[in-house]
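Take a look at this one; I'll ask things after.
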């Protein structure tokens, strides 16, 4: 979903710059980055699936309402999970920033 | 800035169409005893499906805020088609309303309307969640 | 016309039972009719039901259902025909009856009111059961809407 990317991309690029310039060992920070990127990608995919299930229900291609509901719920939960990961990362970054002189 | 995706537009249109369908069904039920009345129905699912499939969203950028973008979504133009309900046997008073069928259609229509409204509400909640950044 | 498959099936049953009730009412009303335009007493009528695949736009679902294990198409019901009961009715002796023949016998319709009442209850019960089925479909749908609320 474009709106998710629009909200999170600036933060991601900020993080990327910060970790690139301050990282002592590359492995831990890129681990965080990977987790977040995977989470975003997954959340996006699930959102798309939920959209398709909803459209199929509305246009009468399926009578499967529970599939659409479950898909929407999954999308909601994975999005919130991704948001929490992002928020934690951002606050960790800000805390590290404060630790500088 | 377009934040209401195609699913939300489809849901929006579905609500309009379902409401119109409800009016048609209600008038069928009201005219259950009218002599010579032919039952009608509003069908839109095929055209809705076609409109939803036949477009990939090309959102053209506008350079000035006041510029009006293209009409965009063909889903918004889907009107239903009024047809007459295929009747089995026409009774003596030439009234073709099948009351059980109309009641069942009304029930079904209400169910679908509720589903569309609920799904739209969830979409909005999801958007608000994203805007508030999960806090 | 779109409709959830199960509701479409139930609607065919409602239709069929209503027609059955019409026939039963006709039988009951004519339990004493010794005269018909075709001559002879009224002949009891009965409906013949036939299971019929429900016409539905969801053919894709059908194909999935009809190829998997334990597969079956969705069948509704329809009234195949209304058929006359050929059994002879009671012949009673009543010389004063306007339709009595030379020997004083009157051919009565072959209708047993008790049987018709029982059939009527059967049709009514069946109708109610199908209405319950429709309500159950709706309840399940609305329950699904509560997922994650």
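We just call them A, B and C in the order they show up, numbering each chain from 1.
Just so it is clear, a contact is a pair of C-beta atoms (placed from the backbone, for glycine too) under 8 Å apart; a residue touches a chain by one contact, two chains touch by 3 or more.
Since this is a predicted model, take the numbers as computed values, not measurements.
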Report task. Just say which it is for the chain contacts: an open line, a closed ring, a star, complete, or other. Result -> complete
Report task. Kindly indicate the chain pair that has more C-beta pairs in contact than all others. Result -> A-B
Query - Mean-CA-position distance for chain C and chain B (Å) - result: 35
Query raised in the report: Just how far, in Å, is the C-alpha centre of chain B from the one of chain A?
Result: 33
Query raised in the report: Just how far, in Å, is the C-alpha centre of chain C from the one of chain A?
Result: 59
Query raised in the report: Got the chain B residues that touch at least 2 other chains?
Result: 45, 115, 122
**Report entry** Per-residue overlap in chain A, given as positions that touch at least 2 other chains
**Finding:** 60-61, 65, 72, 76
**Report entry** Residues of chain C whose C-beta touches two or more other chains
**Finding:** 2, 4, 57, 141, 145, 148
Requested in this report: Spell out the residues on chain C that touch chain B in their complex, using ranges where they run on.
Outcome: 1-4, 7-8, 10-11, 14-15, 18, 57, 134, 138, 141-142, 145, 148
Report summary line: Residue positions on chain A within touch of chain B in the complex are 1, 3-4, 7, 51, 54-55, 57-61, 65, 68, 72, 75-76, 79-80, 83-84, 86-87
Query - chain C-facing residues of chain B, complex - result: 41, 43, 45, 85, 88, 98, 100-101, 104-105, 107-108, 111, 114-115, 118, 122
Query raised in the report: Where on chain A is chain C touching in the complex?
Result: 60-63, 65-66, 69-70, 72-73, 76
Query raised in the report: In their shared complex, at which residues does chain B touch chain A?
Result: 3, 5-7, 10-11, 14, 45, 48-49, 52, 115-116, 119, 122, 125-127, 129-131, 133-135
